[in-house]
Amino acid sequence: MNIHEYQARELFRQAGIPVPDGEVATTPAEVEEIARRLGGGVVVKAQVHAGGRGKAGGVKLAQSPEEARAAAEQILQLTIKDLPVQKVLVAPIVDIASESYLGMIMDRESQRPVIMVSPAGGIDIEEVAATTPEKIFKLAIDPRYGLLSHQAMGLAFALYHDVKQVRAAARIMEQLYQAFVTNGASLAEINPLITTSAGEVLAIDAKMSLDDNVVDRRPDLEALRDESAEAPSEVLAREAGLTFIKLDGNVGCVVNGAGLAMATMDLVKYYGGEPANFLDIGGSSNPEKVVSALRIITMDPNIKAILFNIFGGITRTDDVANGIVAALDQFSVDVPIVIRLTGTNEDEALAILEGVGKTALKDMDEAVQQVVRVAQEAA
Amino acid sequence: MSIFVDRETKLVVQGITGRDGSFHTRQMMEYGTQVVAGVTPGKGGRRFEDAVPIFDTVADAVAETGADTSVIYVPPAFAIGAMFEAADAGVKLIVCITEGLAVIDMTKVLPFLQERGVRLIGPNCPGIISPGQSKVGIIPGNICAPGNIGLVSRSGTLTYEVVDQLTRHGLGQSTCVGIGGDPLIGTNFIDCLEAFENDPDTTGIVMLGEIGGTDEQQAAEYVRNHLTKPVVGFIAGQTAPPGRRMGHAGAIISGSSGTAAEKMAAFEDAGIGVMKRPVEVVDLLKARM
Amino acid sequence: MNIHEYQARELFRQAGIPVPDGEVATTPAEVEEIARRLGGGVVVKAQVHAGGRGKAGGVKLAQSPEEARAAAEQILQLTIKDLPVQKVLVAPIVDIASESYLGMIMDRESQRPVIMVSPAGGIDIEEVAATTPEKIFKLAIDPRYGLLSHQAMGLAFALYHDVKQVRAAARIMEQLYQAFVTNGASLAEINPLITTSAGEVLAIDAKMSLDDNVVDRRPDLEALRDESAEAPSEVLAREAGLTFIKLDGNVGCVVNGAGLAMATMDLVKYYGGEPANFLDIGGSSNPEKVVSALRIITMDPNIKAILFNIFGGITRTDDVANGIVAALDQFSVDVPIVIRLTGTNEDEALAILEGVGKTALKDMDEAVQQVVRVAQEAA
Amino acid sequence: MSIFVDRETKLVVQGITGRDGSFHTRQMMEYGTQVVAGVTPGKGGRRFEDAVPIFDTVADAVAETGADTSVIYVPPAFAIGAMFEAADAGVKLIVCITEGLAVIDMTKVLPFLQERGVRLIGPNCPGIISPGQSKVGIIPGNICAPGNIGLVSRSGTLTYEVVDQLTRHGLGQSTCVGIGGDPLIGTNFIDCLEAFENDPDTTGIVMLGEIGGTDEQQAAEYVRNHLTKPVVGFIAGQTAPPGRRMGHAGAIISGSSGTAAEKMAAFEDAGIGVMKRPVEVVDLLKARM
């Protein structure tokens, strides 16, 4: 789960990382009031789950409360990478002497959190990584010992020469690691980590992505979810325990397992169709999930046909059949449904479907060809 | 022959009395897997299906029955602890079916297992089956057949799809391993490729990958340098929407965006036969064997 | 540093361990008031840094506030193992179904914290350890991973059969480990860990010893120190950074290093004298410490002679000489001082002492013989 | 010959610019120890006494100078970190002079060192000296002389006392090791006894113990079973007041109260010559060699 900058700042602050003051607002009037309270110049920053905000006009400097209000008026009308800006962060302008990069990510290869720093921080860090990788310093952290102070110091010496700044940066790295571990992050970034002309080391930006499996068990993190930034159908799906991503096609797909779901979409496309969604009903399915899945898929007016592709393992195909029957009982589905069903308890499943006059195919390739055909006929 | 599990495998089931655990234990027993023990704290002393002794701890189960392999069906909140427990009790292979584990918790478990020389398959995986010998996990036994194809997959149900194709066309399997789709897993493609290469009864190999990460690229490199047996592969997610970007750091660390196109190209470069559809597995394999 | 039961209870509570209510008091009137507030029967327990309180009459049950007051009157007059009882803990009487033992200690051999449990808890646990060691279950905890849940469960199954009690006890063990690590304990004990007839698992007693090196850096732990339970000279010594234990002899000893200090005392005894104290001025001594050392030693009216035994390594003998000169300048010392001084900067030291008309020996055996002789002459 | 340090030892001093560090570095240099580097964060690039290069990190120091041994003089708050740093930088021996370390922190450092095969002497110890070759720590060089007696001690100044006796009576030393008096230490009596037994130039061994713990009893057992060379020993604290009891657990875990009498009896039983006074060391040794 991605969280907003203002939320990541708060998690960083809880870990002790020095972050300048700042408040979040949803209206230009609030922004003006905050700017007045903070005094001096402020920066107004769009809070959306997208990178490249600066280049999209989502970050503006203002020298007065009135200017801040005007900036907020503009920013709150923006849509950045399809996401309408609904909130802005207002923070004092900080006098910047140098910009560095500090990031942490869960690394598949070393199977550890990896910390990365670069003295060449700021908006062009990806460029730095691509063209001058020797300016990026990385270290895999042994979770049994955590980020050790000498490791943080060694990385901090790559950023600064002044030993006070080195110690301050090392401390921030240790705090970032704490924030990372405590909140089950998959990514945490401070870009830029700056020094002021007075020599202070501060975190000016804050980015964090959290492990959904940690968010699930932590109400405090779950509370950070911004549902206004998601499609309503995706919110519904998550509440029903389904993994769902809406797409632009017309063939609705209900599949068990992410890999099979993707392969199903690939095959729809292969046979000339366009998938309307990714939907994984998960492993231990129960009939209720299938009902929710059908309800969510049929919310999409573009849908011309629906494909069930179920290969039962831990998923029992009779559960799925029962779910289809229950759904058809609760609401009408106006488009044709092609059912492919095989594996655990398939005989029971076929009997259940037959009971309501439905049939099912056993072959995936055949089922996909059929659903593409009926969708095209209906279009 | 086979890899990782065979007819000698003595299995302890962690979470044997739960909904999923009991269902799949019955299936494993029917398949012929030597299920020698089950564990559910507080139910020690009873028997599962009047046959399999249940213990309070894995340590007791191992001491009493000589179990050498564990399969985990406990809920996510207990699965991390279950892996620590199994490794501490001395089993040599752990298969963790449970999904929903926090990655940060996995970073603690993995070195604990490594220190003890314990292999983990999973988590969030369908398990492993050596057809005709032993099934550990949830892969439906009836779609498999004994034979000489080794299969390794990041996916669950997609594995069944492909195994089903193989079996229906007379290509039995030495072993099928579902390594799981989580970011941090115990056994990866390369571990399985190496084992299949060394297994005299495996004559052809199928790899099923997915978008995300760079495991498939590394596996392709390994195939190029170390494998003599024919390999065919598939990447799911060719039409998947662009995944949520992991910020700058994601690009930096992987040096790659992990797209299907990139992975399929890596397969081609390494001489791996690339399947466009799951049904193609049979023809591609037969052409190379 | 040992802390009182009521303090250990509080640290246990902070870690989440279920401990019955209870309050500490210094007068019988307070005890009566607390007992009234708690309602029902209470136990009144002496708070002294000594074991065997029960056998010494320091623990009494009371069925009414008046009885509690009477019990407190008796207990607050006791002296247990030379320690006058100044505080009592008042806690409700808990209905006990079973008593177990739970302890944790920093183990030199495994170099890890070791957890120990026994189903045979209560006051006779040492007897159990001696006669039926198979009833004590131990586990060394790998600090890289902490106490793992299955380890705690495994030990808890040695105590209980009911799985709810097993889980409760395992949780308490994990919490005790947290309390142990967080507070730098060398020992933490719950004896007894009880079950009530309702099936609850509770910590009834609480004992904890803390690592002095951790206490030094933690003001919250330093605040737990009960100076009223120490000799005033020992309090002074600690404040001066000296390690000092008062004894009953008449030869005052000022030595650098604990091993040499003990060997010096042994030698005093060997030659027929009686050491008046153990005093280690530590490694990096400075003159001020020597002044404090002399001040503290001369507070003891039994002193007949004083021996300095300094072998300079990291300790510079000139620092010690300067300290002796400074002390003699600040206050008069009425007993003879024998100085043995060798090692780092000894020439400078001898010159400094000569400057005030003092001499020093180089041989320890000779110096000890001399100080014992002069002490006997003075006695 | 000698144990652990010799004329080839290349030393990096952690905390070289501090009060204690600078004083003792000068002493070590005068003694002839190869002090090849110093470390003080923020002072990298300077030189100590116009001679020894100072680095910001131990990693830099090792990379530039090939240091293989580190000695630590930093304050207690930094000493734990200093040990992690030295081990991570690849030195093979760490001598930690600093006292006042939390035991709970030591429990974290020790496995880190073990994983890397790094020997630690200390903490809270006077260090080690192989007379005429190398001195690492604070043992006064002028009281030592090259020779064939190996000495190992839990104490600091008591060590000097005994070494001084040896030297004054013509018994030079192969190596003197102060292992430190803390509850958790890196190198114990047995490690040193084993090394002395294997050192052809050591012909007699002195052990200086203290009350508390059971290290001396275990060492005595080791002497009985594994040593062919003569050993004499001393236990400080024969007249010490009864130590603060460590509660029930102390008695339970040690199975012993660690008194001087008990330790001296263990020495006697193992054939170790027991000194009643430090001065007796010479006669006892001579009688056995």
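Each chain gets a letter, A, B, C and D, in the order it is written, and its residues are counted from 1.
Criterion: contacts are C-beta pairs under 8 Å (C-beta built on N, C-alpha and C of every residue); 3 or more make two chains touch, one makes a residue touch a chain.
These figures come from a predicted structure and were not determined experimentally.
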Co-neighbours of chain D and chain B - touch as defined: A, C
Greatest separation from chain B - chain, by CA centre: C
Mean-CA-position distance for chain C and chain B (Å): 55
Centre-to-centre distance between chain C and chain A (centres being mean Cα positions), rounded to whole Å: 54
Chain A-chain B separation of Cα centroids, rounded to whole Å: 27
Junction residues of chain A - those touching two or more other chains: 144-145
Multi-chain contact residues (two or more partners), chain D: 108
Chain contact topology (line, ring, star, complete or other): other
Chain-to-chain touches, reported pairwise for every pair that qualifies: A-B, A-C, A-D, B-C, C-D
Parts of chain A lying in touch with chain B, wherever the complex brings them together: 2, 51, 101, 103-109, 111-114, 116, 125-126, 129, 136, 138, 142-144, 180-181, 184-187, 189, 191, 207, 209, 211, 213-214, 216-217, 245, 247, 255-260, 262-263, 265-270, 275, 278, 282-284, 310-315, 342-344, 364-365
Residues of chain D defined as touching chain C within the complex: 19-20, 24, 76-77, 97, 99-104, 106-108, 110-111, 126, 138-140, 143, 153-161, 164, 181, 183-184, 208, 210-211, 213-215, 218, 234, 236-241, 244-253, 276-279
Touching residues on chain C, where the partner in the complex is chain A: 144-145
Sites on chain B touched by chain C in the complex: 41-44, 56-59, 81-82, 84-85, 88, 108, 112
Complex contacts: residues of chain C adjacent to chain B: 145, 148-151, 153-154, 157, 162-163, 166-167
